[in-house]
Amino acid sequence: MTTTEITWTADEMMSVAASRALRDGQSCFVGIGLPSAAANLARRLHAPDLVLIYESGTIGTEPDELPLSIGDGILAESALSVVSVPEIFNYWLQPGRIDVGFLSGAQIDRFGNINTTVIGEYDEPDVRLPGSGGAPEIAASCREVIVVMRQRLRAFVASVDFVTSVGHGSGPGDRRRLGLRGAGPVRVITDLGVLEPDPATAELVLTALHTGITVEQARAETGWELEISPDLMTTAPPGADELETLRGMRTVGG
Amino acid sequence: MAKIVPKIIPLAQAVSDLVHDGDTVALEGFTHLIPFAAGHEIIRQRRRRLTLVRMTPDLIYDQMIGAGCAARLVFSWGGNPGVGSLHRMRDALAAGWPEPLQIEEHSHAGMANRYVAGASGLPFAVLRGYSGTDLPLHTDTISTVTCPFTGEELAAVKALNPDVTVVHAQRADRAGNVQLWGLLGVQKEAVLAARRALVTVEEIVDELTPLPGAVVLPAWVIEAVSVVPGGAAPSYAHGYYDRDNAAYRAWDTISRDRETFGGWLTSLQEGSSS
Amino acid sequence: MAKIVPKIIPLAQAVSDLVHDGDTVALEGFTHLIPFAAGHEIIRQRRRRLTLVRMTPDLIYDQMIGAGCAARLVFSWGGNPGVGSLHRMRDALAAGWPEPLQIEEHSHAGMANRYVAGASGLPFAVLRGYSGTDLPLHTDTISTVTCPFTGEELAAVKALNPDVTVVHAQRADRAGNVQLWGLLGVQKEAVLAARRALVTVEEIVDELTPLPGAVVLPAWVIEAVSVVPGGAAPSYAHGYYDRDNAAYRAWDTISRDRETFGGWLTSLQEGSSS
Amino acid sequence: MTTTEITWTADEMMSVAASRALRDGQSCFVGIGLPSAAANLARRLHAPDLVLIYESGTIGTEPDELPLSIGDGILAESALSVVSVPEIFNYWLQPGRIDVGFLSGAQIDRFGNINTTVIGEYDEPDVRLPGSGGAPEIAASCREVIVVMRQRLRAFVASVDFVTSVGHGSGPGDRRRLGLRGAGPVRVITDLGVLEPDPATAELVLTALHTGITVEQARAETGWELEISPDLMTTAPPGADELETLRGMRTVGG
């Protein structure tokens, strides 16, 4: 018997951790990029009956390769059902029938609010970002939101410059007051570890570190006094099958 | 009255007839079936002061903004999908080059419902959205209504009724009925919401054979149909061609710099109309 | 959570599991694909005090009302299409036989939009309707809202969210995904608006081959699928059978008289479940 | 050359007159029964490009035979496009893009308001009728409404027992005040003649009599003081081609 040393990148760890957060049989609102990779990885491994829904209107999509864009024909061809964009938002996302939504952003704050609109002032931005897309309603209506983004000091801020998508607002009870019916961000998966809202304060606290990452590294990349969960876990490293499957997934035309 | 005369005319004529300076123009297609050729013809005909409406302004609107067609942009997500930012849009917003650009910004759900209201002859639509976000502070076509039965407060968005909607479809018959399939986006709603609609198609066929998942738009809700094979390139036309991803990446380089962009624009304007 | 376990179970079990006394139950199908077999099973299981919801109560609701299942009817057009009146419904309204029947009456557009609101997770829908008619005087699920942008007053109708929606479809796959085609009615909205959905199908197939104009309802929005060939007879099932018009005419005679109806009911109840 | 005497029934005259009211290229919201027969007659004769729309969701239907019911498969099979019932009402009827709607009823009053709900009191009706169906919104939103119903004293009443579908309300300007954007009933075609709203009063006046019908007959079947247009016309009798085509149209399964 020989032992092979397995190595992986921080982004691969993040994708694998995101895929593990999905349970078989869930329905999942997926965006292009890392969420799509994570969801398709989960579908190939532990969650074969994961239902993938893309905002371009495909329900029950089972792509052989990763879509290059949200308009990729593979999404329609491999879907159980293709509906219009108004229908996907009104009949499928809005009523809260989708279990998990993935989000990312340029900034996230201590309460899980996300900014994908502008850095700086809205009318005189330092950086103009793409804007809302489907994110605000994913944040409002999915039963749970999983945020996946690299943990960097400029991105993990005490307060976002612009609230594009509401996390836990300014604290406990805010989502209910705002009429947001999903649970909001239940987990923020980064390249360093996992943050989850403290049930008492709704503030994101560190609940897991990926293998090889230290609390100090996570604190150094967080723009607020990051609390550490008393039950801090260590993420299991990517398994050989996870890495092999992740690396083996081709993107259409790629 | 229902229009029975098929108006299958060349694209240059259709744009000349239907798109006027100062119009509110929606070019729709959710990453799939983007009406690039029609957008390029609008650039060639040097339309000005347009309000450009589109859920996902991407290359085509970056090109039109850079060419100076636009005074205002109504949108919900602006970027070069999978590549990065829209440099011409950023330049117009930050530096007013070549023209100042105002924006009216929504979420996807908000924009989709604005088209639905427009297509339905209603002045507004109701949705669960925007609550707690900063968008309503900056966009005056977002408001609220109270449910008369439950007292619950919900978001309201103003209907969108473009002067002209332009979409690309796979095919039309000789009567001008249009069929499109694959990812459907918001095209039906955008066409039905418009005062005038222009559809470019890959081809004209004798009969629109029914296809799974296809939508048919009757000729009498369309002002003009223009045959433009490849009219959605470099984006997708399901069943005809895939996205030319190299063109999307190349745009990032072309658009970063005003001068490089100027060269692109000159060669577009010197190209002949379809 | 999305339900992945296909629940393909016999109709008697599905009705027993999903339809309870006092429930609000919608059997939908706009003259096409009417779920007759499921309605008959509800009669056989002697459900009582149901609120029956349906845009077009026709024979199936006349039968259920005559059998004493209903306390309330929510509808927009009640008749035996092409034949005449619903005599059991009239008897229940006029004489309270066999049970008093309350009604909640809308227009088709109002009912359709109530399902749309229900399917969309909204508490109400907005439409141009009812203005100047006498319906709002008698129906408290009709109100008005004012457009926050234009000040215009429009009709509002309360969302419909049945406890159970029952529809009939042509086929399902082994995972419980359902496909229906032909005239689509309001079935998708009625299923998505419901807390629980039961679908009877003509047959189970290995794969749902895509078909022009077909709608697919994913298994995870459906509680149970029951295989009932002929489950929409004597109405239509597009691609399977046409309406048995003689049965519609015969019902006029059967239903005119309590005693004749009683004979029909006895023989239905003595028949075996599907 | 021989001359054949042509005979016809009052209902046939009514159907023919209704079909003549449709112009080629119009879009027409059609109900089952006489309107469907009239519209399909027009399509076979002078209006081959008439666009037929049925409330069950078919657009551009071209049935070879008359549908037996609104759920008849022939409507879907011969349609350019089939849409859901919510879509037909919201996207097609409501915005006012349909030229002509046909209506009928148990009662119509002097202002063209129609009752298909109850005779007598709503809570204690003498006769319970089917109810609204699609009629109220057809009356509200089609550019023009054509009413087709037999002229009988019990049906042509001074005031309907229940306003199911609004005609001209209680007089000029009422439709605008109610926010109804179509023109409302522009013509009531009966088995005796044609009534049209007087532009000044919005009251239905007799503008045409069918061949062989007298003013006295029309007055005797009208529950208000029926005004006679100074330009009273006589309807041309059904032509041989009209009758032959009308009688030759089979109903599905019939």
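Read from first to last, the chains carry the letters A, B, C and D; within each, the first residue is number 1.
Throughout what follows, contacts are C-beta pairs under 8 Å (C-beta built on N, C-alpha and C of every residue); 3 or more make two chains touch, one makes a residue touch a chain.
Not measured: the values here are computed from a predicted model.
**Student:** Using the touch rule from the top, work out which pair, B-D or A-B, shares more C-beta pairs.
**Tutor:** A-B
**Student:** Report back the single chain whose CA centre is most distant from the CA centre of subunit D.
**Tutor:** Chain centre farthest from subunit D's centre: A.
**Student:** Where the centres are mean C-alpha positions, what is the separation of subunit A from subunit C, in Å?
**Tutor:** Whole-Å distance between the two chain centres: 40.
**Student:** Compute the distance, rounded to whole Å, between the mean C-alpha positions of subunit A and subunit B.
**Tutor:** The separation of the two C-alpha centroids amounts to 29 Å.
**Student:** Any chance you could list the residues of subunit A touching two or more other chains?
**Tutor:** Within subunit A, residues 90, 94, 141, 181 contact more than one other chain.
**Student:** What residues in subunit C touch two or more of the other chains?
**Tutor:** 121-122, 127-128, 152, 154, 188-189, 213
**Student:** Does the chain-touch network form a line, ring, star, complete graph or other?
**Tutor:** Per interface graph, the chains form some other shape.
**Student:** Per the touch rule above, enumerate the chain pairs that touch, sorted by label.
**Tutor:** Every pair of chains in contact is listed here: A-B, A-C, B-C, B-D, C-D.
**Student:** What does subunit B use to touch subunit A in their complex?
**Tutor:** That would be residues 29-32, 55-56, 75-79, 81-82, 85, 89-90, 93-94, 105-110, 112-113, 115-116, 127-135, 137-138, 152-154, 182-186, 188-189, 213, 235-236, 238, 242-243, 245 of subunit B.
**Student:** Considering only the defined contacts, which subunit B positions touch subunit D in the complex?
**Tutor:** 1-4, 119-122, 177, 188-189, 192, 208, 215-218, 220-221
**Student:** Hey, which residues of subunit D end up touching subunit C in the complex?
**Tutor:** 32-33, 55-58, 68-73, 75-76, 82-86, 89-90, 93-94, 117, 122-123, 125, 128, 130-137, 140-141, 162-166, 169, 174-175, 178-181, 252-253
**Student:** Which stretch or stretches of subunit B touch subunit C in the complex?
**Tutor:** That would be residues 121-128, 141, 143-150, 152, 154, 156, 158, 210-214 of subunit B.
**Student:** Given the complex with subunit B, which residues does subunit D contribute to the contact?
**Tutor:** Per the touch definition, subunit D meets subunit B at residues 23-27, 49, 51, 59-60, 80-81, 90-91, 94-97, 99, 141, 143, 181.
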